[in-house]
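Heads up: the structure comes next, in structure tokens.
Here the chain labels run A, B, C and D in written order, and each chain numbers its own residues starting at 1.
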Amino acid sequence: MKYGETLLRVRYAETDQMGVVYHANYLNWMEVGRTEFFRQLGMPYSEIEKNELFLPVTKVYCHYKAPARYDDLIRISTTISSLQDVRLIFKYEIYRANTNELLASGETEHAFVNSKGKPVVLKKYNPFLWRRMQDVTGEKAE
Amino acid sequence: MKYGETLLRVRYAETDQMGVVYHANYLNWMEVGRTEFFRQLGMPYSEIEKNELFLPVTKVYCHYKAPARYDDLIRISTTISSLQDVRLIFKYEIYRANTNELLASGETEHAFVNSKGKPVVLKKYNPFLWRRMQDVTGEKAE
Amino acid sequence: MKYGETLLRVRYAETDQMGVVYHANYLNWMEVGRTEFFRQLGMPYSEIEKNELFLPVTKVYCHYKAPARYDDLIRISTTISSLQDVRLIFKYEIYRANTNELLASGETEHAFVNSKGKPVVLKKYNPFLWRRMQDVTGEKAE
Amino acid sequence: MKYGETLLRVRYAETDQMGVVYHANYLNWMEVGRTEFFRQLGMPYSEIEKNELFLPVTKVYCHYKAPARYDDLIRISTTISSLQDVRLIFKYEIYRANTNELLASGETEHAFVNSKGKPVVLKKYNPFLWRRMQDVTGEKAE
């Protein structure tokens, strides 16, 4: 597996009566992608929150191209497409792992806020995370 | 509607590829039943938590008798079946509202804990809630 | 309540450890909005599927402005913003009902497909639904 | 990992405002346990359904002992505790993997039904699966 990639199995709970994965669950998968992205970056998101930094989702976009099905092995590729003082944008590509078929692509925008929900400037608030994210911005899992 | 009853509509998100409601969602519905139970009791659960009292689920049981389907109108009947110093048991009956068919019955056991997760004796910790719950224990929605 | 509007209560299950509603759940609420939209239109979505017409989500967008919290009463306003031969776009506004605060706005794009997932031209496939939807396209709940 | 065991990571989506995993999600994890159990048995559940056999949940029980938290690595041990002509019971133990702490234990009862929901006698309906399950009934992951 490449940097910024993670795998998961489709759960029965994630299907709906159309016989495919219910569309909202792809947002949960993007969050799984972010969690593994931060771990690979050297700062698990659980640590980020312990340091009083939170990254609530402010916008989400997803384009569904082909349906995922129960028990499919899913590969999620997560990259930072934009990093600014008070926000960042993640980009995701979601594949059926065994066929390499692109099932969906999407983006999430996040604010940097403290435990009271106030925006913070990441460069000052958490310089380590800022530097690590700068290093990988625009980098594509290869 | 009777005391301790509430209604909800089955969401598409709650179905699975068997074409019926995924079984774990009934636990969410029991929680909707509890929320409306506490509101009708005169103390919304959001207020209970603001008073630093939490009621985590310690046990759950559910018996599924007939499947709920998308867009069904569901009626949940919630009663307290046992109230003790440091725990209580809720009992639920879940019906398809238009046919009055019993779809599932279940129970949840809850501890009384403070914001640090330590058990508390409800009678001392929140006498108002204790008295209100004593009043209705064993009472069946009629 | 106005045409195209529906109400729901935030469930405890829908919150996350940030103390607010997890962002993916807003997509479930948009689906609740669509379900009530079709019912008010005179053709429940459950009937639409019985007529072998399906409307899978092909794109979703959501902009989160303020957090929804447990037990909030939520008002969803659903309108058709674009209706074409083989697809349509719904637009949503999600409010905290008691304060009228706009919490989120979003869109979903849907294809018209048959039970085999093949695109169909709605005007020919289901003229009744086509006409009803044309009648209300661009109409804002007032 | 031993026979009948599987691992998963707690998702942010699975937490609630108490800061721990919402109780209903443990039922989804039991289903993940079953899915991997059937795969290890030599007959993935997706194959079972393709053979027109379904195993709807008829009863569920769960006892919660300690809370799971975001990003915890979870180990699920799944065994068959009872196998009868028309039903079976799975038993689950759910651990925090790194500390080996038991977080919850539970059971699910399942019926054997065909695609019309009619009960079937497994021994006749799917002798291969019957034999494989007999082989491992009561066997504990060691």
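Everything that follows uses one rule, which is that a contact is a pair of C-beta atoms (placed from the backbone, for glycine too) under 8 Å apart; a residue touches a chain by one contact, two chains touch by 3 or more.
Predicted model, so just to flag it, every value in this text is computed and none were measured.
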Pair exhibiting more inter-chain C-beta contacts, A-C or C-D: A-C
Greatest separation from chain C - chain, by CA centre: D
Separation of mean Cα positions, chain C and chain B [Å, integer]: 28
Separation of mean Cα positions, chain C and chain A [Å, integer]: 25
Separation of mean Cα positions, chain D and chain C [Å, integer]: 34
Multi-partner residues of chain C (at least 2 other chains): 12-13, 18, 20, 24, 28, 31, 70
Chain C contact footprint on chain A (complex, rising order): 18, 20, 23-25, 27-28, 31, 54, 56-64, 67
Residues of chain A touching chain D in the complex: 9, 11-13, 28, 31-32, 35, 44-46, 69-71
Footprint of chain C on chain D - complex, ascending: 12-13, 15-20, 22, 24, 70
